[in-house]
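Same chain, two partners: subunit A is paired with subunit B first, then with subunit C.
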Partner chain A sequence: MNENQANDLKRFLLKFGHLFGLFIAMAIICLPGFWIVLSSLRPTVEIMAKPPVWIPQSLSFDAYIAMFSGVGQGGIPVLDYFRNSIVISVTSTVIALTIGMAGGYAFARYQFRGKTAIFLGFMLTRTVPGIALSLPLFFVFAKLGIIDTHFGLIIAYVALNVPFTVWLIDGFFRQVPRDLAEAAQIDGCTRWQAFWQVEFPLARSGIASAGIFAFLISWNEFALASQLTRSTNSKTLPVGLLDYTSEFTIDWRGMCALAVVMIIPALTLTFIVQKHLVSGLTSGAVKG
Partner chain B sequence: MATVSLKNLVKKYGHLEVVHAINLDVEDREFVALVGPSGCGKSTTLRMIAGLEAISGGHIHIGDREVNNLPPRQRNISMVFQSYALYPHMTVAENMGFSLKIAGRSQNDIASAVAEAAKTLGLEELLERRPSQLSGGQRQRVAMGRAIVRNPDVFLFDEPLSNLDAKLRMQMRTEIKKLHAKVQSTVIYVTHDQVEAMTLADRIVIMRDGHIEQVGAPEEVFRRPASRFVAGFIGSPTMNLHNAAVGSGKLVFANGDTLPLPQQFRDRVTEGQKVTFGLRPDDVYPAGHGIHSGEAAEVHTVEVPVSLTEPLGNETLVFAEFAGQDWISRMLNPKALRMGERIKLSFDLSQSHLFDAATEKSLRG
Partner chain C sequence: MKGWKPAPHILLLMPAFIVLAAVVVVPLLLSLYSSFTPFRLTRPDTIYTFIGFRNYQRLFADREFWVAFGRTVLLLTVALNLEMVLGLFLALLVEKATRGQRLLRTIMMFPMMFSPILVGFQFKFMFNDNIGLVNNALQSLGLTDQAIPWLIDGKLAFTSILIAEIWSSTSVFAIFILAGLMAMPKEPLEAAKVDGCTPLQSFRYVTWPFIMPFAFIAMTIRSLDIARAYDIVKIMTDGGPAKRTEILWTLISRTAYSDARMGLANAMAYVAILLSILFTVMFFRQLAKARQQIGAEW
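What follows is the complex of A and B.
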């Protein structure tokens, strides 16, 4: 075998190894999701079977039908939960993004006293686990009378998300060259116009990703929500999963079905925003 | 079109003063280059004129308007940035028409203004492209197009050619000069490259450490530098500058070698005065190979060893050792020289400069 063929073979093997590695990694990531979808369609006997039944014998949408059939027929108030989740997640995301944009811009563009300390402080808040916050928050919220309200949970989620959105958006504004806003001002823009016409469009992908993250954190959050919500007034979907547990049994199939209902909007939103996440938009602004 | 005038302009960052009360009057349609080493305050001065940097003291007038506290958009200026600062999310046409769009002009107005500027700069083919699809030179041209579309009172250029390679830089230099001839506007051009300043400007402002060292036409700052700094900064290769003392009608160098005191300085120096002697490489030459071969009035010739040669084709730069230091000389109609070879080196003293060692100011009248 000459050197060229040897090299070709080496490249082929490398490529194969690469793809195989990726396949394994993807399988590990996707399998739990796939198992949830599958479990939502199978009878409980099959889900609990030992050894596991790999190939489903029968599939049905019974769990989904039951879920929406109302109390008494195995149903839960899924539409209420869904509405609560949407209202709370969207509102808290919008607020966190607005504050995050203002804060991120300020951190990226301006010098002020205590900048580093504040930034570090923001990061430190992220080290506190949600569950540790839930009890103190519960006391405070109980005193304020905002337990079991949308407002209470929105406040909690905004506080949870703001440090993160500020941090992420700061990074994206940093990547937009200062010269651009200055050029825009010379071209006749006010500071405000320069921001909306030039800097915002260029940081949009970053703001979109910050938005997605904030939304997903709010959408999936369980620890705080389980303490701060009580009833269909404010219970979100993750808390709703608990409806499938009773004193002696857990309805795994129903729980999986609700999990799928939860995953679908999050997945859809991610797909919609994904195209805005394409970065590299700023290339060509300055020399290169 | 307008004049620009700076009066006692000061810039401070906290307690650090970086521009010290400078005064400058730029005439209507004049091309003025601010030149100096990095950190001399030239870019800061330009940014103050643009309104991108607040001023700490003094006054700026554009035309008869005082613009001290006006935001950039009210100064009717255009600026070309070193980084070009093209808007990456807009096409070339949108980039160029952006200022008119902000000003609320009609689509037709914008289109025709952009088309005209594109024609001037040869950008017609590129109007639908994005900045990322352009080469460095093309981006530079779009940046200039964006500047001329506005029809501003004053053009400000901030090291516009620094990011281009040497060949393209020369080409764009010519284009900027042509452009100025065509649009006939007031231009303030910042550069650290003295060749750019010399070739483009009507007048050159040489800055150093936040002060203006000298203002003058290119010929003037080259021929009659006001200080040792200007003498060393302007001209390529740089002027030979060596310290000496005046002693009984001679210039005595550190190692005891002497040159006759040039005629024009006889009455301007005192015995024992410490000075810096300056002579351009054009005015030091191997005997018979100079610009003024023979006929110049005040030529002094010494025999010295060659320490290095740099052949450039039509001429050779010869480094020769005299007074314990290397002197750069320009050899026209070059012939081959060996290192260490002893040659006759002619000093045309009529072209020489003397600077006071302490004040660094020129001793010429």
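What follows is the complex of A and C.
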């Protein structure tokens, strides 16, 4: 009887400990984001208040309205940055995806010499720190006159994303059984047709998630963008965020609002792809 | 030349080759060359003066550079190890949960969506000595009545950066380890239990070897992207106060763009690139080894 009780107590404690740990972990993960959202809705007076005001007294969307109503109001040209970010991220993603599909298909379906070495070589180009790559790119782009243009950032981001898209898409094509395409070819399809009608539809959702992954990398990139952009012609949102800190007084509320604007697209897209992302990266690398 | 057709895989890989060569390899060769010149942005003709290894000599004799180098390695080592351990715990916690696992997994991915620059900013905000959440909370709870200078004191600033870095990247490890845990067959664990293993033993000898490759995938992915710590440091302290949180990458950008000494900065950049490659190759080899081990058991 006594032993039973002790067991029950032990199990209860374990369960309680587990739930408690889970709660703490999730709280730590969520708190910073929650705090930014909350701060973006509070008046500056409350953010700066000493002693701190814990329970918000008044919430409003003033910061967002100010931000999207032009330079004079919000301090920085957020709309321009937003447009630049969208144009650059979308274009570079589409190109990187096309190149990645070709490359990934080659890795998944053909046997050739030096395959691992080439794959590793692709990956090594990705390890070059953005800031280190920005030095020669800055010089080359200045010579070519494509500093502070969309084009310059787009090709830089394509190169940044190609290794990852190749890796991911390789993984997804591996999951499509080889026999299917072969069967289609026996039935009279060309390889090209077999690819588009059999293999591509099966790998499509995976390829879409690779695209979103590439989009997020371009959307969030800072080290290259901070050096290769100069003005509203091509500045992206991450660089724009820095506009707030260069001044002596930081507009915390405006910065929080801009942060929220940056997170929302990323948040939505990541939710859509979360399942495929992990399976793509692991299937390529584990089954090798 | 009619009828000559290159092998399809060459054709398919060609675009990737061209882009990577044009945007990464050729510029890097250029920067390798310029690291042997006293190139300054303000005096473009200096790129034609060849000075041999003088930049590297100056670098290796420069104490500031080695301090930044050591700090970078320290930051990466501590951060990656802690992320791995915390990620493992997080994955185990979530895997054990009986209800709401989908929701928990989604929350777990949350920090991955933040761009590093945003992570830097939000922690700069939270660690602000005057209005930050951390100090406000500590003061309201009566734990301290002073404003702790989180980002102003050198050691505390390093810790703050470390916390930001860990917050942002632990989930990468957690997600991959969780994927490993969920893909794991249940029979070996039951067999271990029947054979009388304690939970700790079965974790050590059954679960851990199985999830190790997944942990190394996460490591490899992280190491491909380690330099993103630059974004965090840049916005949180920008290498300050008085260069006490200066890491390799902030030092490079300062030397290149503020001091306009491109040649010297390129020499530093090469050291940074080699460091990155070293980390990646290290993890990639461990990944291959872990994969082989698992392959033999499967």
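Following the convention adopted for this analysis, the second predicted complex is superposed on the first by the 226 of 288 C-alpha atoms of A that agree within 3 Å, B and C clash if a C-alpha of one lies under 4 Å from a C-alpha of the other, contacts with A are read in each partner's own complex, and residues count from 1 in each chain.
As a working rule, a residue touches a chain if its C-beta (ideal position, glycine included) is under 8 Å from a C-beta of that chain, and two chains touch if they have at least 3 such contacts.
Quick caveat, the model's predicted, so the values are computed rather than measured.
Contact with subunit C, but none with subunit B, is seen for A:V140 once the two complexes are overlaid on the shared chain. Between subunit B and subunit C, more residues of subunit A are touched by C.
Judged by the touch definition given at the top, the superposed model places A:G33 against subunit C, while subunit B stays out of reach. With both structures placed on the common chain, the touch criterion links A:G188 to subunit B but leaves subunit C unconnected. In the superposition on chain A, A:D8 makes contact with neither subunit B nor subunit C. Subunit A uses residues 191, 281-282, 285-286 to touch subunit B in one structure and subunit C in the other.
On subunit A, the positions that touch subunit C within their shared complex are 18, 21-22, 25-26, 28-33, 35-36, 39, 47-48, 50-52, 54, 98-100, 102-103, 105-106, 110, 112, 118, 120, 122-140, 155-156, 158-159, 162-163, 166, 191, 216, 219-223, 226-227, 238, 241-242, 245, 252, 255-256, 259, 262-263, 266-267, 270-271, 274, 278-279, 281-282, 285-286, 288.
If you check the complex, the residues on subunit A that touch subunit B are 177, 179-180, 182-191, 193, 197-198, 201-202, 281-287.
Residues of subunit C touching subunit A in their complex: 7-9, 12-16, 19-20, 22-28, 30-31, 34, 89-90, 93-94, 96-97, 104-118, 121-123, 125-126, 130-131, 133, 136, 139-140, 167, 171, 175-176, 179-180, 183, 213-214, 217, 220-221, 223-228, 230-231, 234-235, 249, 252-253, 256-257, 262, 265-266, 269-270, 272-273, 276-277, 279-280, 284, 287-288, 291, 294.
Within the complex formed with subunit A, the residues of subunit B that make contact are 50-52, 71-73, 77-79, 81-89, 98-99, 102-103, 130-134, 136, 139, 146, 150, 163.
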